[in-house]
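Take a look at the structure set out below.
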Amino acid sequence: MDVTVIAETSGGGLHPVTAQLVGAAASIGGTPTVLCAGGTGATEAASISGVVKVISVVGDCFETFDSGAWAKALNSVTGGDVIIAAASPSGREIAATMAAIRGIPIVQDATDLAPGISVTRPIYSGKAIETSTVTTPCAITLRANAFESAGEGGSAEVSTVNQSADVAVAVREAIAKASERLDVAEADIIISGGRGMGDPANFSHLNEISDMIGAAVGASRAAVDTWEEIPHGMQVGQTGKTVTPSLYIAVGISGAIQHLAGMRTSKYIVAINKDPDAPIFGVADYGIVATWEAALPALKEELGKL
Amino acid sequence: MGIAVLLKQVPDTTAKISVSGGRVDESAVSKWSMSPYDEYALESALQLKESGGGDLVAITCGPARAVKMLTDAAAVGADSLIHILVEDLSALDSTQVQAILAAAVAHSGSDIVFCGKQAADTNAGSTGPGVAHLMDASCVTMVSEVTPDGGSLMAMRASPNGNERVSVSAPCVFAFDKGIIELRRPNVRGIMMAKKKVAETLGPADLGVDISTSSVSIVGHTPPPQKPPGQKFEGADSVAAVVSKLRDEANVI
Amino acid sequence: MAYEALDFYDIDSLLTDEERMVRDMVRDWVDEKILPNIEKACRDGVFPDEWRVDLGEMGILGAPLKGYGCPGLSYIAYGLICQELERGDSGVRSFASVQGSLAMYPIWDFGSEEQKNHYLPKMTTGEWIGCFGLTEPDYGSNPGDMITRAEDKGDHYLLNGAKMWITNGTIADLAVVWAKLDGVIRGFIVEKNDPGFTAPEMTGKHSLKASVTSELVFQDCKIPKDRMLPHVKGLKGPFSCLNNARFGISWGAVGAAQSCFNSAREYALSRIQFDHPIASFQLVQNKLAWMLREITKAQLLAYHLGKKKDEGTWIPEHISLAKMNNVDIALEIARMARDIHGANGILDEYPVMRHMANLESVKTYEGTHDIHNLILGRHITGIQAFTRES
């Protein structure tokens, strides 16, 4: 079975998830050909174990992101039974467009594959898991970190194809990322501080971590009531916002029932508190008994390695 | 020019999902709502319409209950409504859904299409790009705002370094992320007007789309795996272990 | 979590699409604008002006009135609006009740064509706020003996007297004031800048803290002749207004009770004592079951009364029963919910103590609980028991 893997890139190089796409392709008995849009990451892709071929697709259209043009250019250089891409915004979009061009079905956001092809994916934001079978030819996008990476040590042949397509999207202005903080009600990751932070100035540590992982910074009512520097808009809990992020990190928050009411339905909860008997540990998936002064620098360091 | 907005009715994001007999039990869903990204698409489409852009048609594909959502769209200003009646949307594959929606857009005579970047049930995100291809239209996703720009349209979209303004011409599809725009609230006048706007109900066959065989068949649904009981670690040295669990077990960072 | 209103008997299925949409619109607004801000408003003792603007923009003021720019909704829709507003806070519902049923309604029903055209379009949009002056410091349940007088001075009327417990008084642009002209009760429209009229705010309330309550003072207050409501004389005027307001209260009380029930249920499920959620204990379940039972009964009363209002087959005693019963059980539910919350129930983290304090006022205003019993007693026996004279 020929599998076309759309390489995922980041910052001018290959994104590590690409090796997971290759690993998943092999797991369903596929022989993977990797397509590198605009040639990005081709050399690195060739060294992934199991890759039979890398096609570096170069053309003017890859100067501007236009999924229609990219998909047309990529589509014309390869056939294959299955298209596999990362379930990133661009991966989903390019794969969906290629599927539409070919008139084949696409299943997005898979977390497991089995020969057949059987696809498992979370639906309703993870409140249920769906398993379906899809006939080939088809396209599938895969969630990051859900599949084993293929190893290194491959030495696939890299061919370069000049192929462009008409770009219909013109970039007029780039706007740098606003430094404005995410609202806790909107964020997928929240790091909150309580009165255990000792001083509102110490929330700067939470801000630094939030910048690293795209999180919002929240607070307990005790912190909001004690320090006027911490605005009510940050408050999570009964009289603050009710939040359901994927990850909620509570730092120096004891876990009063009013705070738990606002965050206990978060998918994963990490609690950092120096009091081993704090009620917050009762709802935490991962509890760390430590002072914030000790835990936050370590957290910064570990997140920096990701 | 005509503007269409593609809407999907989904279980409210706060609703409980229960599985019975190997399938998600839709009858147990306490509240059905317009998919949140679609709300931003609708708002932006209304703003474009009000800046002189012609009529706005709201289109949905789904079971009978989805009409209520179209009426909600009419209450905030959609001019006409098209409902493609499909009792079990999950039985269709992506090519069929896209073919139905693209045919409905053509039926409405629209050449500018707004939709959510993904619907809050399957969170797939295939519809916008797929419909764009079938319409031979350009597609911009992760959009937060659309404004008229002379004869063409200017969209704000997310980019790896922040945002960028891009210009496109009709025919085009805008797939919306959560916007920077504020959603409008209906009012009594709009609700009274919505009563008079009756949805045009069509079947896939009326649009020339065959849904008899799907390439995807659902084997079953299961509740998410039970999380392991909470684990407690002593000391800041354990941070590294927790971070790797968050990445590999929980898959949240 | 999205608010899920208790609806055990699926009253929802009896509503028209229009009624449901209006209900959802107000419910969303309460979630978005009232609940995050109500505690601050109560603490500051203010009714934020933004709420007035929003209520006007939604187009729900004077809900059941037709024409003159008014919404023209069903009485059931009006009831649902009150239910949702009072789920937020009785003070917000009071604002809407007074504007629609007590200030707009008498102009709509008893006013001249000129008065209707002049006042109603601006009142339904919330641009002008109205209030209603009936109760006096010494005449509450017995308004027929009111002291406030109007004198015909040829080219104008002169008002003297004082009204008390007037919702919206200080922030009102106009007041519908009931006063005796030659011994007969008549309605007058007094505007805020009329000479001799002041509306000082009453402070120190432990209830309805986000609602403005005032005195209206008339000292040789001079108003033009065209400000008298031409088409009503006697207590029938104010009592017709009160019927509509009491109707809204019977629904509003359901909203407050639903809010208390919700909070109590959620709290009981999450509060662990003796190693188990307190919701698993029989005494707590008994309380929750009682709340559900009474709320369901109250919903059915309110709904059927709404039907009768829309069909025009109601009598005032029907409204007395619903107002009396529904406020009574709402107050009891609020107290019981406070009890389930334990010490946490006294905190402003939860809505229960606020509703409880509000409902003490609601039980008293618009005809006290006991007066409604006497109205029903008179209906049953044919004998009035308000006064010792026959």
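A, B and C are the chain letters, set down in written order, and residue numbers restart from 1 in every chain.
Convention: a contact is a pair of C-beta atoms (placed from the backbone, for glycine too) under 8 Å apart; a residue touches a chain by one contact, two chains touch by 3 or more.
As the structure is a computational prediction, the values presented were derived from the model and not from experiment.
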Would you mind checking which chain's mean C-alpha position lies nearest the centre of all protein C-alpha atoms? B
Which chain is most remote from subunit C in terms of Cα centres? A
Set B-C beside A-B; more C-beta pairs touch across A-B
Using mean C-alpha positions as chain centres, tell me how far subunit A is from subunit C in Å, no decimals. 51
Interchain centroid distance [CA atoms averaged], subunit B/subunit C, Å: 40
What whole-number Å value describes the gap between the mean CA coordinates of subunit A and subunit B? 20
Residue numbers of subunit B (touch at least two other chains): 14
Note: subunit C residues in touch with at least two other chains are 1
Give the list of subunit C residues in touch with subunit B in this complex. 1-2, 4, 17-18, 21-22, 25, 28-29, 57-60, 63, 71-73
What residues on subunit B touch subunit A, complex-wise? 11, 13-14, 16-17, 19, 24, 93-95, 98, 117-118, 120-130, 132-134, 138-142, 154, 156, 158-169, 172, 178, 214-225, 227-228, 230-240, 242-248, 250-253
Can you check the complex and tell me which residues of subunit A touch subunit B? 10-11, 65-68, 71, 89, 92-94, 96-97, 99-101, 103-109, 118, 121-135, 138, 143, 145-146, 168-178, 186, 189, 213, 244, 246-247, 267-268, 270, 276, 281-291, 294-295, 297-299, 302-303, 306
Given the complex, residues on subunit C that touch subunit A span 1, 39, 266-267, 270-271, 344, 347-350
Touching subunit C in the complex, subunit B uses residues 12, 14-15, 30-31, 68, 71-72, 75, 185-189, 191-192, 194-195
